[in-house]
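You will see chain A twice below: alongside chain B first, and alongside chain C after that.
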Partner chain A sequence: MKTGNEQRDTLAAPAGRRDWLAGGWALFWENPIGKIGLILMACFALMAAASFVPPLLDPMYHPMHGVDPEISHATGPSAAHWLGTDFIGRDILSQLLAGARIAFMVGLSAAFMSIFFGTLIGMISGYAGRFVDTLLMRIADMVMVMPTLLVVLILSSLFGQLRIWTIVLLIALFRWPGVSRVIRAQTLTLKHRPFIEAARVTGASHLRIIFRHIFPNVLPLALLYMTFRVTSAIIIEAALAFLGFGDPGTVSWGMMLQWVWKTGHMFQAPYWLLPPGICISLLTLSFYMLGRAMEEVLDPRLRKEGESE
Partner chain B sequence: MTVGNRTRAALLLLCAAVLACASAAWAKSRHPLRIGLGEEPRTLNVWMASDANSNNILSQIYQPLYRHTPEETEMVPWLAAGPPEMEADGVTYQVRLRPARWSDGSAFTAADVAFTCRLIKEFKIPRHYSRWKFVDRIEAVDDRTVRFVLKEPMAIFLTRSLTIPIVSEKEWREVADAAKKQKKPLATLFNHTVERPLGTGPFVLEKWHKGAFLHMKKNDWFFGQGLRIGGRLLGPFVGEILFKIYGTSDVAMLALKKGAIDMYWQGIQPGYIENLEQHPEIRIFSSERSALYYLGFNLRRPPFDDPALRRAAAVLVDKSFIIERVLQGYGSRMDSILPAGNEFWYNPNLTEYGEGLNREQRIRAVHRILKEAGYRWTRPPVDDAGKVQPAAGLRLPDGSLMEPLTILTPPADYDPHRAISGLLIQQWLRQAGIPASARPMSFGALLQQVKARHDFDAFILGYGRLSLDPDYLRIFFHSEFDRERGWNMSGYHNPEFDQIAEASEKTMDLEARRLLIYKMQEIIARDVPYLPIYLPREIEAVRTDRFAGWVQMLEGIGNIWSFCQLSPVN
Partner chain C sequence: MDLLEPHPQGAVLRTSIMKTDSPIAVELVEATKIFRTKKTFFGRSGEQVTALDRVSFSIRQGEIFGLVGESGSGKTTAGRLIVKLDEPDSGKVLVDGVNLSEIRGHKMKRFRRRIQMIFQDPYQSLNPYLSVYQTVCEPVVIHRLAAPQKRLETVVSALSQVGLTPPEDYLFRYPHQLSGGQRQRVAIARSTVLNPEIIVADEPTSMLDASISIQIFNILVRLKQNLNATFLFITHSLAAALYLCDRIAVIRKGKIVEMGPAKAIIRKPEHPYTRELIRSQPRFRKKTEQRGSFRPWENGATSS
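Our next item is the complex of A and B:
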């Protein structure tokens, strides 16, 4: 397998791209970190998909509004409630499953948006250079130093409780600069490559060069960063919800933790406290592991000696 | 060992034992009472203080002329020496004062009382002015006698006016004079920083280490020391109080269990009780409160300007569900603005909306109410066959589609009960097709939106420490108070109510006034500008191994009677 960017010069050939993907996948699967990460993530994806099932079985399993008519306080695991109930008799397992859905939604969408902004700005900045580069990178610097959690907390206290999509957008708006810096650096190395020169000589427009020639070459890097961004987005949303600034209309894991805390069950109900905490840790870990394994696929310098190509 | 030696050794041992006992007793008396506070007090300026923690500290320092006994049955003279003497004209009262001293040893005189009352009137201090504006003149007859002349007979004078905290003229005269010369006198008075408040109460502030603790010492000049007031012998029998600040209840509960504090001066969530009950040295107090937690509507704009819709919402709100589950049974339902415990004034014959109905019956009842009032649905909550179904497309009597509306609540961080109640009410309203969504927002922003801007549809708020005198009924709903930052937050206007409310304020005959208060409650229950929901109980936890003598009364055990009676456990 060809390494680094040189293989991308030949990406135009579909067979070559297939080979690269197959090789990359083999390399990824050989990596135990990647394998564990993928399996973990698949488990959580299953949980998210399964979250639609409990409310169909019985309205009392609705994660937000369903309550067990027989139970009006926090109870431990039982046959009807495998993980127990919260203080008003809602099923904790249903909430946990719904939380997985919210975590995926928040994590993936915030990461996708921040990668979208970061890649676009990074490519434009690297390709255009000069004044545009300076301006965009200074803005990136300014945004980068802002503490995301603190700014979102302040905005939330100013404008009242934020809706989940507003939180997603805010996370994305504060998390693009890191990506844009990396993409810009990659674009800078690419723009002097012969195939870009060739495209320019044949009269390709700037837009075409950016999106047709540079973009495919920075895409793997962007996807790699996306896995790390998912992690940070999930943690920020959970922290916000835990501190009482989440969207009250959604059942997220952070929100579950806040309910445990605020209703005085922190030390009394481990069956309620531990599941969301463990899930947050494992899901973020799974994305981190995926990212680490992808990094090894994309950057040959990280591979161990004698590892296959 | 000789006999002499043995005797000497025994004497020595005896002396050591006596010394050990004496030093233990001395150490015990030196041990301060340690109290946990939920937050740092915001100010020690008694005119500015509106938060519970500031008031908790200040209640040890500034004292009123009269206060309620723990049994809440009567007012007893506190700084006053006896009941106020009313003259034949019905508007002149004379109050005789106890011999008392300020904590610096200077004499407490009638001039201090007159100064305090005039200050409230001159600066129109918002929290107290409404109970003093009907007082025409305040005179210090001699050092220990004050005369009040009212503009007209006023029923609330003893219970509401004479219960304000009295400040020292020496401490506030210069501040007040300087403030009067400023452009904004009231703001200047509020912004005055007080570091060592001068009071007549049982304790004085020794040190405030911000972010960590407040240290109070026994006031040697406390007027009540050794006196029997309200049938109780007053101390204080505790030399010092240390107030420790805890950011969260969890940490405070751990501190209580470990013995780092003797009491946590804040209501705790029912969730803690089970765990605390496993510790034999911890005692839980569950006390009645004089409070009101309610759903308020904005009557100034659609859709809640229509009483039929408000009544429909009242039927949909399942108060028993909220009390049983959200409050975990530590509360009771409210159907009047007055708590049921206020037996003399409480009207027990009010409409109990939705009482005894299950969810389906509630939806059917609301369908009927709204249909009769001219509301229509694209998909009604009850179909032609009489089956309950998810409703949609609610149209107002004028044919327009009902816009999505918001129920503002404090955040779960501030009060999880109200935040979760908001979410439940949102769901119940939606079942009848009312497109409601709960929106928790920071408490300050919520008050701004509701009280100042009047920009809201509905909100859930609460009042704590309501006075036993039901005059607040007038203040909450009289049209006079529908103004920016006024107490009539719903914007309720009803000339009939206004007239009765004005009469109730002035009626001196208790029975006649009770009838008026009953009528006011009936009108409010009929028109539902506020829907009273629940009255939570105050749950407090204390350690019993070091101090005893907590006095339980309305609003809990954190009261002046407790602090005057607590003593170390032998």
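Our next item is the complex of A and C:
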């Protein structure tokens, strides 16, 4: 039997969940997929941050309106334009940097919104059960079977050019059902756990149980799904822009590809075609790798055997 | 002296003279709880399990009442009915003479404050994402028991009452940083911070080591005296029931088979099932006597 003092000595671990987080971080960093994904993502974040620099150096580096007065056609890489210029003499590098900023904006905000709706609806559906559950899940099924890209295409051809935030909102509105299904399943397993019943016995309201007890327990899963949603949001936005339904006021990678294609430079200007294509692939890949590594940290069944020793 | 009384279900019922003067705090009247599995797709009705079969007992104020039985006997279900985690299919659960199933909404919330439960498994009954302070403080916040400035004080005193000293060391720990015994103390602090009148303790030590169990029992006894609370102590161990309880009821397959003062029942069991339960208790002294001649450690010592 231990006395109070002995117990304190053996359990002198510092307060907080910091050590838990540190353990998760160590596991994440150990994973080569997570490491590469994070480094890649950091590179793109740097690009997005650097996008503010070129327009300050010279107005001709403005990704949208800046035109090199001496160039009136697509040119290859040079000292003044490291990646060359497009068909009216705009700098491709500064467009690429601006594209990174837009990709992060679109990806993160659309993912955040779809996770917000998905988590909320999933928790309510799983916790309430019965009639509410059936209703919400049937709606989720209906939304889930709609092809996002096609529906957004139809909407944009009906209402003309869509603003970038409208596109983000539409992506979020069509991508929540998958999240809500997963969160609902998790909520169902949590609902009958004794700590939820203990909260009920102390008199906690339904709202308090959902947000105080269930929410923190599903949050890691929601964040995991957020990384996968970022990937799909970036791809959908790029596809829309490439097909000519993007926001004409923004310079996104999809827009760049559309300009290449529209002006007939597909096979004439690889310096113009390749950078946005590669960037789209690598950024989505980095978020995907990040998600996979996070999944491994969060799911103990995927952890390596050596971990328990 | 025990008086033998006929029981409606033929169970052996013994009433004792002690504590008959204090009023009844909790009463189960013919409470039945049936668990059904869902109907199958082809309309075949699911299976039924009768967890409680017209069970009646009453607990007097300030008493520790033990409910003893094997696993699956329905003892936990009885506890869950009293804290209204489940509703009886028929029969009544009366607390201070009020039928629990008739109370709803705000009245129920006020009732919750008076009846608390200690759960079996401290590894499951604490939210892993809440610190000790958050866990113990939650009931205080829900029932607005203390002004925000005084919450910390309330939590600290609840923690020191369950033997987590010094309480400041534990406030900002999370369940995974605590041992089983410490977790159960936190769970006890959570249910006693409201100063409840009735506490249902559902096998609070079945997941803990024997030495820790004794500590938890002593905490419960001390709390009972401090709070002057009524206890329903649910256990599978007759020894624990004898140690803690004033009266016990032995329950089997959803039916009470014997009820009366703890000492009387264990000394003179009337029902064959109770006798069987007592026989199945491991007895330390007898076993060593039986082993008597067989002492491998001594053989080992002589041969070396």
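Convention: the second predicted complex is superposed on the first by the 290 of 309 C-alpha atoms of A that agree within 3 Å, B and C clash if a C-alpha of one lies under 4 Å from a C-alpha of the other, contacts with A are read in each partner's own complex, and residues count from 1 in each chain.
What we mean here is this: a contact is a pair of C-beta atoms (placed from the backbone, for glycine too) under 8 Å apart; a residue touches a chain by one contact, two chains touch by 3 or more.
Just so it is clear, the model here is predicted, and its values are computed rather than measured.
Of the two partner chains placed by the overlay, only chain B lies in contact with A:268; chain C stays clear of it. Looking at the shared chain after the overlay, A:69 reaches neither chain B nor chain C. Legend: residue contacts after superposition of the two complexes on their common chain; A:216 is shown touching chain C, with no touch to chain B. Touch criterion met: A:157 reaches chain B, while chain C stays clear of it.
Contact with chain C, but none with chain B, is seen for A:195 once the two complexes are overlaid on the shared chain. Look at A:208: by the touch rule set out above, it reaches chain C but stays clear of chain B.
For chain A in complex with chain B, the touching residues are 64-65, 67, 72-74, 87-89, 157-161, 243-245, 248-249, 258-259, 261-269. Of all residues in chain A, those touching chain C in their complex are 1, 4, 7-8, 11, 13, 15-17, 20, 193-195, 197-205, 208, 212-213, 216-217. Residues 83, 85, 108-109, 112-113, 115-117, 119-121, 124-130, 138-139, 142-143, 163, 165-166, 169, 172-174, 176-179, 182, 187, 190-191, 194, 211, 215 of chain C touch chain A in their complex. Taken together, the chain B residues at the contact with chain A in this complex read 248-250, 253, 268-272, 274-275, 324-326, 328-329, 408, 411-414, 416, 419-420, 422-424, 427, 437-442, 445-446.
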